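To start, the structure under review is shown below, and the notes come after it.
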Amino acid sequence: MQDKSFLKDMDLARLIIAAFFILLCVAAIALRLDFAELITSSLARIGMWGVLVLAMLPAIVSGIGPNFGVSLGIVCGLLGGLTALELAYRLEGIVAFSPGMLFFIAMVFSLPFALLVGVGYGWLLNRVKGSEMMIATYVGFSIVSIMKLAWVFLPFKNPEMAWPIGRGVRVQIALANRGMAQLLNNFLAFRIGEVVVPTGLLLTVALAIFLMWLFLRSRTGMAMSTAGSNPRFAEASGITVNRQRIIGTVLSTVLGAVGILIYSQSYGFLQLYEGPMFMPFVAVAAVLIGGASVKKATISHVIIGTVLFLGIQVVAVPVANAFTAEWSSMGEISRKIIQNGVILYALTQAGGE
Amino acid sequence: MAVEPVLRMKGISKSYYGTKVLDSVNLSIMPGEVHGIVGENGAGKSTLMNILFGMNVIHSTGGFEGSIEIAGQPVQIKSPLQAMALGIGMVHQEFMLLPNYSVTENIKLNREVLKPNLASRIFGPRLQSLDYDKMYADARKALKRLNIDIDEYATIAGLPVGYMQFTEIARELDKEHLRILVFDEPTAVLAESEAAHLLEAIKEIAAAGIAVLFITHRLNEIMEVCDNITVLRDGRHVVTKASKDTNVIELAELMVGRSMEFAGRKQHYSHKGRPILEIKQLTVDMPGERVRGVDLTAYEGEILGIGGLAGQGKIGIANGIMGLFPAAGDVKVAGTPLPLNNPSASIAAGLAFVSEDRRGVGLLLNSSIEVNIASGAMFGKKEFIKTWGPFSQVDQAAVRENAQKLIGELDIRCTGPRQLVRQLSGGNQQKVCIARALTMNPKILLVSEPTRGIDVGAKQLVLDTLRRLNEELGMTIVVTSSELAELRSICSRIAIITDGRVAGILKPDDSDVNFGLLMAGQPISKGA
Amino acid sequence: MQSRPMTTSETMLQGRMASARSFLVRNMVTIMFLVLSAVGYKLSGMTPFLFLMDIVARLSRNAFLVLALIIPVMAGMGLNFSIVLGAMAAQAIVIFVTHWGFAGLPGILLSMALVTPLAAILGYLTGSLFNRTKGQEMIAGLILGYFAQGIYELVFLQLVGGIIPMDNSTIIMSSGVGVRTTIDLTNGLKYGLDWPGQYWGNDLLLRPTLPWAIIGMAVALAVGIVIYQLRVDKRQRLGSTQLVLAGIGLAWACWWSVQQIQARTQINWIRVPLLTWLVIAGACVGLHFFSRTKLGQDMRSVGQDRHVAAVAGIDVNRVRIAAIILSMVMAAWGHIIFLQNIGTFSTYGSHEQVGLYSAAALLIGGATVARATIGHALLGTLLFHTLFIVAPAAGRQLFGDAQIGEYFRVFVAYGIIGITLAMHAWKQILQRRSVDQ
Amino acid sequence: MKRVLVLAVVFIMLLSVDVASANWKIGILTGTVTQNEEEYRMAEQMQAEFGADRIIIATYPDRFMQEQETTISNMLEMAADPDVKAIVMVQAVPGAAAAVDRVREFRPDILIVLGSPQEDPMVVASKGDIVLNTDDIGRGPQIAEQAYAMGAKVLVHYSFPRHMSVETLAKRRELMKAKAEELGMLFVDEDAPDPTSDAGVAGTQMFISEDVPRKIAQYGPETAVFGTNCAMQEPLIAQTIANGGIFPVQCCPSPYHALPAALGVEVPEDKKGNLDWILEAINGKVVEKGAAGKVATWPVPVNMMFMQAGTYYAVEWINGNITSKNDKAALVRIMEGIAGRSVNLTEYPDTDNYYLYLSDHVVFQ
């Protein structure tokens, strides 16, 4: 995380995307959009995704590549969230949980699932070296589908989560009832002018990043990145490569579980069923746009990618809408063309191998 | 008979970003001549060849000064394609072969024999069919000229290294109008017998009237096949001599610019310590280098050499002991049995390994020098780590300090401990490997092919380092090498491996005949 | 490693077991799929009629699209997700051809003729883009798809009807600008290739019943095998085991077909779109021929190692662009075949189906990102769609609840794709190990 | 040949009719609860009412845009059962038109009822026997009036290009805009990311939950919001209520749609499927959050009604009570029976089987 390597990771492609981001911001000011509000939204969005994008790091570093199967971690997180809500309902009148306590319980409950699933998933990925990404994608899809069965069948009784008509858990579960919505966002939140800084959220992400940084400098972390960058070298150094890959997978899965809870509290709903299906793609896109490759990623890639990709997503739509206010449907069309065009242009500037 | 030189390069100079890498080099070759070019790494050999080949790297950095004439005609070579059209061929140091193609398809790569068909008449010549029958016939012809028996239908992947090399040469020979053939370190990957065969082939190629440019580090080979030899040093043309007017010692001096002791230095380590590494009935399942039952003992404080031809299994021994390939048998380190197939156990037992596969197994190419050096001790011995209960952190300061110390000691040429290993030259990479092994403070150092692919100067430094470690620290070293001369220059005993077993153990000053017999798998007859 | 010497009988037994094992390993994905499909079929309670009707339709719809993915794999560019652009081009042309009122086979031929230059231009641009993003083709292809979607929407939602004049109340929205969300090809291009005869008032033309088609194909295959055996070099000929197996298979197919005809079963109602199948067969032959031309050889060379190919004087970038152009044109044709069979399509969504499912089918057939053959494509299409036909009903029967069945189907479908890929990877590791021994 | 084939099928079916006449079945093709709970539950309810041997349920895929072929296969499979006399599909997602075409190729006799179609009206009308939809065009002015009646001065319309290519939705927006301006309201047209594009469902929902506070901050609390996509509704409702705006109605009007989830309504086991209770519960929550008079919906879950009406119609048609595949009077009678109030159906212009339904709003206060 030294400044030097941070700058080095900001290659031309990244600079172009950053310039585009700044241009969007300038346009937002020029168009008299509520710029402070845009910054507020950007900060919240970046914080929401921070940990999910970070989940890509241990996966890439340990050599399994971008974890398209992070949906496994995500469903574990959701399961933890549901369990916490269910617990709060069952123990109603006996114990009154504070929102923070409940959030903590959600995390704690999601961890055993994530650990278990991560180990199994890591074991699978060890059997299929070289094809991890494709397999992870489909394993992810598959697990999201099987979880739909679980959402229907699991014996949750909390009426907050129940469908209004039939059995099962509903698609979106409001967290506001239990005070968990924006829990972290509001913690120590303060205003600079009109901009609201979601302090708790950003601190949580920063803490996660810091812990990851520490981990990568620990003996296990070093062994893991060695196993990822040259497995044969690692074996010769007495490192069990498969074990390190499992550690990487487990970490990624756990971060996915924690990440979705952080995401959900900010959004205010738990999203089940199809919700987690395409979340991995956003996280992967963010880390790749941050400059990572399928074989190499650093913490700065995660930070740059999260800030640029998600920041642009927040600012681009209102700016495009304002530009084309008189021309129906042009806002979204021009967003697609310009935003993706710029990313494509940036990719070409990287020049390939 | 006033024959025109087929190639004449005059006053070639080239700068990269203000640094002069070539300074008025002249070169002239007659048809049928074998011309050697020697020089240390960085002497400018590859730049000269890049210019001859019209490589893009030359033109994208501002071109060069000087002129090139082919058969008396001044030419401007702008691209490799043009170079090929002018009859210049090159056998590369790294194989330019496609592994999933047959020998024939590789020989005919981008020069396939075509026949028109309906589609090509409509859509143009790029849709012409390949004429496999003619291609096979051509390939057979080219291989025959090399006097080697390779199946032209065989797929490249899985062929021995030597065959790949000959396939490359056959490809160049197959080119019509081939006038000049450049060999860039062709023997670096070959076993000695294959190398000998190659040298024969070079002579025959030259006899057919083709001019051969021969680049190698092996001065003996140069002396054997070349008519004339050009020596480059630091981008300057030192001298061009007829090989009959010079000798290996002089060439080495001209190359390095200082007189040096070379080969044949007699070692007499009579001292025998207690056995520290005892190997009994070791079998190792290493593809291409299978070990079929080796009994061997290394004594404390000696340098034990392991030699033999390629593919006989000498490489497999160290790899097996280190747990990198499936192995079986009994190995004892200082009397304690060593669990096999477990790299950690081998490291814990005090073994350190410098692999023959430097870029594959030996180094983390994309990491810094300091991380590479520290990594072995870090993972194997938990050094350079600060621990607090279950938590640990890398001790950056200690890593840095250790790296700086070893960079100094081993004279690793780099910009600093944070430089990426990928950016170093072969010799310096090898030194990083040794530094990594030393950091583990081993009881026994296993070194495989320590000088493969590095230039003469660096070679000598590496060998000197090994000798110094042995003499000053009393470290036991087991060196595996394909180059007998270098084993004989530093080892106290040399075990020759043939067909996966120990054929015999010789002293460095035993006669060449004995070494030859053992390598050929024949027992040494009494009194020979 | 065993030190004890083995007896001869042990060696022989081991050898036989090893060869049986290697056969299983080599074909494990196919075998697993056959077993799964058979179990699924049994569970679903489907009639052979329904199954065959659906699989015939799906094969003729999708096979060509899957074939379009082969060439980029050959050129080392992996799975070409940018074929979505080819599909968009096809839809654009189909919209215009429908507007002009062309129908039947002439309409299809016109569409194919018109889409070729358009797809070629798109292919050229895409190829140039990929040449500037070597090693990142996957993410580039993905984002290119979103980018192109924007352009497509711009053209068909904002420009057509306004700046690009088009006056057609069934295609253009009532506001006069923008193409409607659904395009109906009935009485137009629908079945133009599948049932070319209907355009000329003869439904029977080029539409044999399935049993007769099978007999015809079996005979054609047998003749083909004989010709192949006679013409090719010795070392490429089929072995006797393969010949016997092929013979048994073909004979059984003929016998079964004759039975169906005699029993006048429902199977006889299923009609094979012969022209479409001929086009697919033509594409296979063309691809095979192409892989043995200079350009094809260049693509394979580039695919194995760009650097080596470049040193040998092959213009790598040009070859890569050619590969994408060919793939794009084939994808566009394939999508036209798809659309004429489906009959209605959603203007702003139909192309989305193209990339992922074609790629999955190819992979299930045994292809990898580095190697794909015609056999992989055809087998993959067959297996993939068999599973997709059988799975919903099987899931429903198994759970007695439609929704649970659907969830289970998707789980199985994706899970199977994942397991298949895993098995391919595992297979490679197993094979590498057995080669080493 | 097609005709021959058809005749052959009909003939074979006639042969089996004498034994199978009492043996009728109706196929219901619908989405899973992932898409929308109401339709699937209604399908289950129909199955409970007529028996599992009468009603077969199948579902189209959650990713119906990508898996149209599966939709086709599923409908084909139903039609392959000669006992199946009618197929009711709600919602008729993209792929329905192609699927009906396939079925008609060998089962021209089957009655096909399509509810809430998402494909082009003219195309759908030419495929199904009866098509039922909310009167989107009529809803244009209706929503503007409703918002005005609830005190709105500004009306924000969230959509995206793919939806604006749907004729009825585009027309609805035009008419809504015209009416709003006629009433003196400011009409604001806003594009959200398409949930099927690179942004994904999460991107759309995030945008909505960020943009609604912006709009209300800009235009004040007399701002009404309307979104055309189902995935938008939860954040739309939640943020509108949190920021004091006005929510006139969902895209698919129903008390069950998005409102219970967005408001966090707790549904006890014994109150499930109780329409009156859920209206009460929502009312309670709305008032509790201080949004009395600012949230409205239709009192009838329309998709449920379409499916129920379609099934009843099919039953009567099979039993011979209704002789025509398209009998408007009978349909109105059935729907009035279900809704318990008078139902007014209008035909989509230039069609005689594409029926539009419009209901009054109920405001929570």
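The letters A, B, C and D name the chains in turn, as written, and every chain counts its residues from 1.
As a working rule, a residue touches a chain if its C-beta (ideal position, glycine included) is under 8 Å from a C-beta of that chain, and two chains touch if they have at least 3 such contacts.
These numbers were taken from a predicted model, which means no experiment stands behind them.
Engineer: Applying the touch definition from the top, give me the chains sitting in contact with each of chain A and chain B.
Structural biologist: Under the touch definition, chain A and chain B have C as mutual neighbours.
Engineer: Approximately how many whole Å separate the CA-defined centres of chain C and chain D?
Structural biologist: It comes to 35 Å between the two C-alpha centres.
Engineer: How many angstrom lie between the centres of chain B and chain D, each centre taken as the mean Cα position?
Structural biologist: Inter-chain centre distance comes to 73 Å.
Engineer: Distance from the CA centroid of chain A to that of chain D, rounded to the nearest Å?
Structural biologist: Taking the average C-alpha coordinate of chain A and of chain D, the gap between them is 34 Å.
Engineer: Enumerate the residues of chain B that touch no fewer than two other chains.
Structural biologist: Residue numbers touching two or more other chains: none in chain B.
Engineer: Multi-chain contacts only, two chains or more: what residues does chain D have there?
Structural biologist: Each of 32-33, 40, 62, 161, 164, 197-198 in chain D touches at least two other chains.
Engineer: Could you say which residues in chain A touch two or more other chains, in rising order?
Structural biologist: Within chain A, residues 148, 152, 329-330, 333, 335-336, 340 contact more than one other chain.
Engineer: Using the touch rule from the top of the page, what pairs of chains touch, sorted by label?
Structural biologist: A-B, A-C, A-D, B-C, C-D
Engineer: Going by the contact rule at the top, pick out the chain A residues touching chain D in the complex.
Structural biologist: Interface residues on the chain A side: 34, 37, 41, 44-45, 48, 148, 152, 157-160, 162-166, 168, 170-174, 176-177, 267-269, 271, 273-275, 278-279, 281-282, 313-314, 317-318, 320-321, 325, 328-333, 335-336, 340.
Engineer: Touching chain C in the complex: which residues of chain D?
Structural biologist: Within the complex, chain D contacts chain C at residues 1-3, 5, 8-9, 30, 32-33, 40, 43, 57-59, 61-62, 65-70, 72-74, 76-77, 80, 94, 97-98, 101-102, 106, 118-120, 122-124, 126, 161-162, 164-167, 170-171, 174, 196-198.
Engineer: Would you mind writing out the residues of chain C in touch with chain B in their complex?
Structural biologist: Residues 1, 3, 233, 235, 289-290, 292-295, 297-298, 300-301, 304-305, 307-309, 311-314, 436-437 of chain C touch chain B in their complex.
Engineer: Mind pulling up the chain C residues that touch chain D in the complex?
Structural biologist: Per the stated touch rule, the residues are 46-47, 49-50, 53-54, 57-58, 61, 143, 146, 149, 153, 156-157, 170, 173-175, 178-184, 186, 198, 203-204, 207, 269, 271, 342-350, 352-353, 356-357, 385, 388-389, 392-393, 396, 402-403, 405-407, 410.
Engineer: Can you check the complex and tell me which residues of chain A touch chain C?
Structural biologist: By the definition above, chain A touches chain C via 124, 127-131, 134-135, 137-139, 141-142, 145-146, 148-149, 152, 285, 288, 293, 327, 329-330, 333-337, 340-341, 343-344, 347-348, 350-353.
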